[in-house]
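Labels run A, B and C following the written order; every chain starts at residue 1.
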């Protein structure tokens, strides 16, 4: 007998799935905001080449960028308790997402800072601004504006990657689907649905971030 | 209960690492072929073919790798086939790598000045000959750094296959951590294993990037 | 009275290339000096040293009687007295014209927002752009951007304003409006040092012409005298060429 598709489990359990979607969005929002903040700090340190701090940030960036997110997640959730830091699944997820995004956005934002024309630095210096003021008031926004599309993509990559947070019993979208498939045996339909939702979330997040970018970073640009 | 010594742990992880490397190689080679097909489809003058290729790319870049693995794993069992974790992992990562490599290579082709196509066309070369003789040799050079860069992403991507039960280094780590109750050390060592694979590739990608771009970008 | 700017025996090399070889320049309060010369003669480098954007390898620099070292603190004090306008305007792209002018008074002089705003309004009015307070740089023409840059520098109330080829990046039809602003500043008694290729303007507006050649001051004096009786063949040749070059303006 050919397989009969049934999407009923999805209608019947929309509450759990909706909760999963909201959790995925929440993780992305928290991890995204923290990660971008970390990225700005990291980029400033890398850009100013302050000794010691520079080496620390460089090591952090390389460690994160050359190991899988899943291992970072396991290390934080399963490994850190033996150092006395016991985090709930959602806390570990947000921390791992923030650290991961922080490393990538450090490099993205640094590249943005380095691509700015020399003249901006000189104009700021000629106006007696301190290096710190120059970064904060003059360079940061144009740099962020230049690399905002890359940052948006990176946030979306982290959102998609959060599907492995299901391994820590965080009921985000993937684990909501997994819970239901164990109950209904409709794995394919549920994962197909979840995949479609991820694709939509990516579109949604890109749209929202673009608006955020236009509102706060690229003012006055038609 | 079996007692694990430090060398046992390392041995277990290294044998997992062996599969990580194997899976990465399979996916990279398979993905290279798939990527070339995708590149050709994207460059095709046939609208439908080119659109289909870009949908393919959007799907594999826009859906979580874990979902891709689940869909193939459960999709095959719907069709009545029992598919092994290795086969699932290899096929999904091949398709995944194909999407990324196809897109990277298309980017390289499109970064060539329009005039190169026109010059080739003016020599009365056919479309395939234009590609083979003029465009691809130049695009190849440009595409090497991002291709090497992608290999890092691919190696890291193989970690997710541990979730469907493929025994590579992350899965080995999970099993050893559960058996030894020493997750900090085990996952730390697993991370080190990935780092030893990926860091040289990252460095190579960066160095190639600098070598290829430095003369043109000098301001 | 000591000169406002006193640069003595300034040396500067870039990677083995000696750009300035003992240049001496003095500018008195209220004086308008134009520095002219071929590209590569060191005139822009000299100007950048006067504002601390480059540090000199050897020589003495004092502004308003204070000796300037290469230290960051000294440089910031120097720049409070010496404003600068650049060839490429260098407006901050994320800020409006008004905010560009307000930035340094707020950040450096700690003016309150209303104070800075009224100061910026006054400065923009001074360059004829009172109505473009809320425009972003990319909504302004090159000439307008350069006038905003002048207003931005003047808002710090510098003792002297350095202008580094401020019309060189402009379309010919926009040069006039910027020079007009400079002319007004000169008439109002502002101390100015201009690096410029606008010979006619230099001749009309400046009190003193400084001709640089091979990293030293080749000749200097009143513009009329220099133009009519150049003492060195280099200046004679330069004037000859420049005369042809700017004939259209």
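Keep in mind that, in the parts below, contacts are C-beta pairs under 8 Å (C-beta built on N, C-alpha and C of every residue); 3 or more make two chains touch, one makes a residue touch a chain.
Note that the coordinates shown come from a computational prediction; the quantities given were computed from them, not determined experimentally.
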item	value
Each chain counted as touching subunit A and subunit C at once	none
Centre-most chain, if every chain is reduced to its averaged C-alpha atoms	A
Interface ranked first by C-beta contact pairs	A-B
Farthest chain (mean CA position) relative to subunit C	B
Whole-Å separation of chain centres (CA-atom averages), subunit A against subunit C	46
Computed distance of Cα centres, subunit C from subunit B, in Å	55
Geometric centre distance via CA averages, subunit B-subunit A, whole Å	21
Subunit B partner contacts - residues on subunit A that touch it in the complex	3, 62-63, 65-72, 74-75, 78-83, 160-161, 163-164, 166-167, 174, 181, 187-188, 191-192, 194-195, 198-199, 202
List of subunit A residues in touch with subunit C within their complex	117, 119-120, 122-130, 133, 137-138, 141-142, 145, 217-222
Touch list for subunit C against partner subunit A, complex	51-53, 75-76, 79-80, 83-84, 86, 88-94, 96, 103-104, 107-108, 136, 138-139, 149, 152-153, 156
Sites on subunit B touched by subunit A in the complex	58-59, 62-68, 70-71, 74-75, 78-79, 152, 156-160, 162-163, 170, 173-174, 177, 182-184, 186-188, 190-191, 194-195, 198-199, 202
